[in-house]
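A, B and C are the chain letters, set down in written order, and residue numbers restart from 1 in every chain.
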């Protein structure tokens, strides 16, 4: 009888295991179904008509209701966790995230990542790993592409660092790239009454701020069900026995859960922003724990025409989420840092009908 | 930079915003899927064979298992909330609720309401709004029709009342209307063993009382998942931060959640009552909070033949639900009011095979 | 007005109600859908590629992703509860459990049981009932067959015992029976990278032990949603009002919930063990309550070729689950009994690609 755990269970990669240019195909492909969509609906409550109604989606030119963009993001992200961030200390940032192709129930997702940057920290205990991750459908077509960087522990502090390269990343995704996952739409038959708001692309202005008003309290069961649905196995979300002895004394909610809550809340004020088409950058400013109530507000940073498209226009939004603090006064910065209630600061593009 | 919240986020309608005869088309159409059906199953546990089994449903004449009537009701109801009851103080009653057409996975629901009554309260701070709401499928066919009345706040107490009209409402739905959503059934091949009870229509008598025996405890995650699934955005169900400062100090469970629990519990004693075909009236006698355990009992108020149908017969039921109190002694009234454990008193029609 | 509860609600069977050779057809047939599959995914988080991905399943020879074996088991088990174990004191054991045919979304399950053994306990208050239960699909084909025995209360202690017969049960299912629910596979195209582990059948040795590392905390909402999904109506899982006055003071988690958690955790070390094909025996050593964190480890008891098959080989596993105790040292026995942290000791067969 021998202990073969070290051979069979996945210990995850440590900083010194990564190599620049390394291609990592991820495990656990996932067919997205209407079951996943219903669970996502029950957990977050988004009301965007395009994703909620096959009839609405068909009327404007989709073959049927597409899967919520963020559900696709979470599933692709989840696949990368066992290889990229199982030994992560912190998820530091996202950049250049583009949704490239609509996903429909029945499609199968899988993912690969490329290591595009590595930088050891001066304490030599950890390093930063930059990966470009790509989600693919069953035909091998790219459906999502994004960069994230995480701080990863070293297995052995004396191990040499695997080089040092910090990639150049675009500050924002360019408007020409924003239409990829959106088929040509009959925006004239887009029914704003059914969709829940009269405000189309032309009704939003840079600098405009919108309080999304509602608050949503999160329970332990909810964030764990969501995170398991995505095949995300990061231990901090599920294991109260370990976390009770950890830094926070409790389970940490997956940062993407806050993004999905903020997006669902943003329906109240942005009902026609039916498609998240790119994420320019995002920061999980502070953690969220079960029992916390999430609020959100958004600012229109930019409006942009999408080259070659007169059916849709793009809004660049900054959405800020808080915990246990309503947002009628648009809290965000305080002195050199953030208002202590802020938990998410997200910069992204949505498209709306013209 | 300007605050445009007032322009973009939905403030809901206040009492003085309603007009008699006003038609309100509601937002957020919803395709019902087997995912929604599974979640409803997981949250309430109904066991009625017609809705649980495509094979059973096909054998008796349905094209496949229809969606649970109450799930359809909750989805249509949810669509009306942002326009009708976002500023409601209380949901006062239901009447003349009829299920008109079976809904199957893949069908898309949308809803409209007509204001059929208005009455300002003497304090001039609130008024009662009566609406007839109608659920439609993707072909524009009516699938559900019901009246509800809610007490709604005024935005401005000095605003003039928009007239005063109280509609006449039927006390019960007539038997001739009870077969609309039920296709002709081969009741001779309806398998009572598979369905879970030997008792058909002819085995029930007016005055008969049935204790449904089992109790079901409700968790916060459960009622919030259910209520988000229906696109119901009433704030009292989701926002512990606000509710902790409110009347009850905690989140209030959507009244429809209790109706669905009572219906699921009623399987034990009414296993062949496979279809809720009409709701005559109902009262949410007291609120339910997470941690409470729901019990239920029913009385057969009436039995009725359905004109033109010899496959099914109708039972008019009164189902009473309680919290934290088993019902072997059929609690309901106490003195001039209700037994303090009673939370729901519902009068409705079901059909059973003959 | 008369109390007809005793006539209409199901009191369940008591020990003296069972007869040797009695065939009991169970109620509440159940069409399994992608909605059920998504909910199972969200509640347990299994990552086995064959069940997660239609594309992966098709590539190796399945028509599409089959439904998780344990979800099928729980649904069939749930159907037997109202007739077999509503008045059970304890679920004592399982034997000779074989998965006979793959189930796909859209298939309908129903179940029957045969009483194969009866033995009154010496206190004459309870007796042990042995049943062979069989799950069938919509075509009447057997998909699952297993024996379980439960201790059931007598209604009347003075009632004569219905005979005494204790069936002979196989200690393990024989390898020749292990391929029934697995179509011939193209194991050469089985992609171990996508599946999450390079280790195929030939890489496992008898005596090998694997710590599955991760821990999963269970919430009340989760186990209740799961158990309702299976139509399992055993009262101890749902009714906090009654259980607060009972033996444990709280709701007891369905034993099968622990089996599914242990199976999902076992992905980490057994990623290619894609199909549970038989359960030789199992013991719920101690109860689990909400708030507990489940860990698991496995030992390979045997490896076996499956007669007539060169695509798959079988591993006989012993998987031990604990609560609130990680398993790097493989806890199981302590003195004459079990380590107090152990809650499940399961002996079963899985198949892996050769």
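Going forward, a contact is a pair of C-beta atoms (placed from the backbone, for glycine too) under 8 Å apart; a residue touches a chain by one contact, two chains touch by 3 or more.
The structure displayed is predicted, hence computed values, not measured ones.
Counting every residue number used by either copy at the subunit A-subunit B contact, under half are found in both chains. Fitting subunit B to subunit C on C-alpha positions gives a rotation angle of 120 degrees, to the nearest 5.
Subunit A and subunit B have centres, each the mean of its CA atoms, that are 36 Å apart. Taken residue by residue, subunit C touches two or more other chains at 33-36, 38-39, 219-221, whereas all remaining positions touch fewer. Across the complex, subunit C is touched by residues 1-5, 7-10, 25, 27-31, 33-36, 38-39, 82, 105-106, 108, 110, 138, 219-221, 224-226, 228-229, 231, 233, 235, 238-242, 251 of subunit A. Residues of subunit C that touch subunit A in their complex: 33-39, 41-45, 47, 49, 52-56, 65, 193-197, 199, 207-217, 219-222, 268-271, 291, 293, 295, 299, 324-326, 328, 330.
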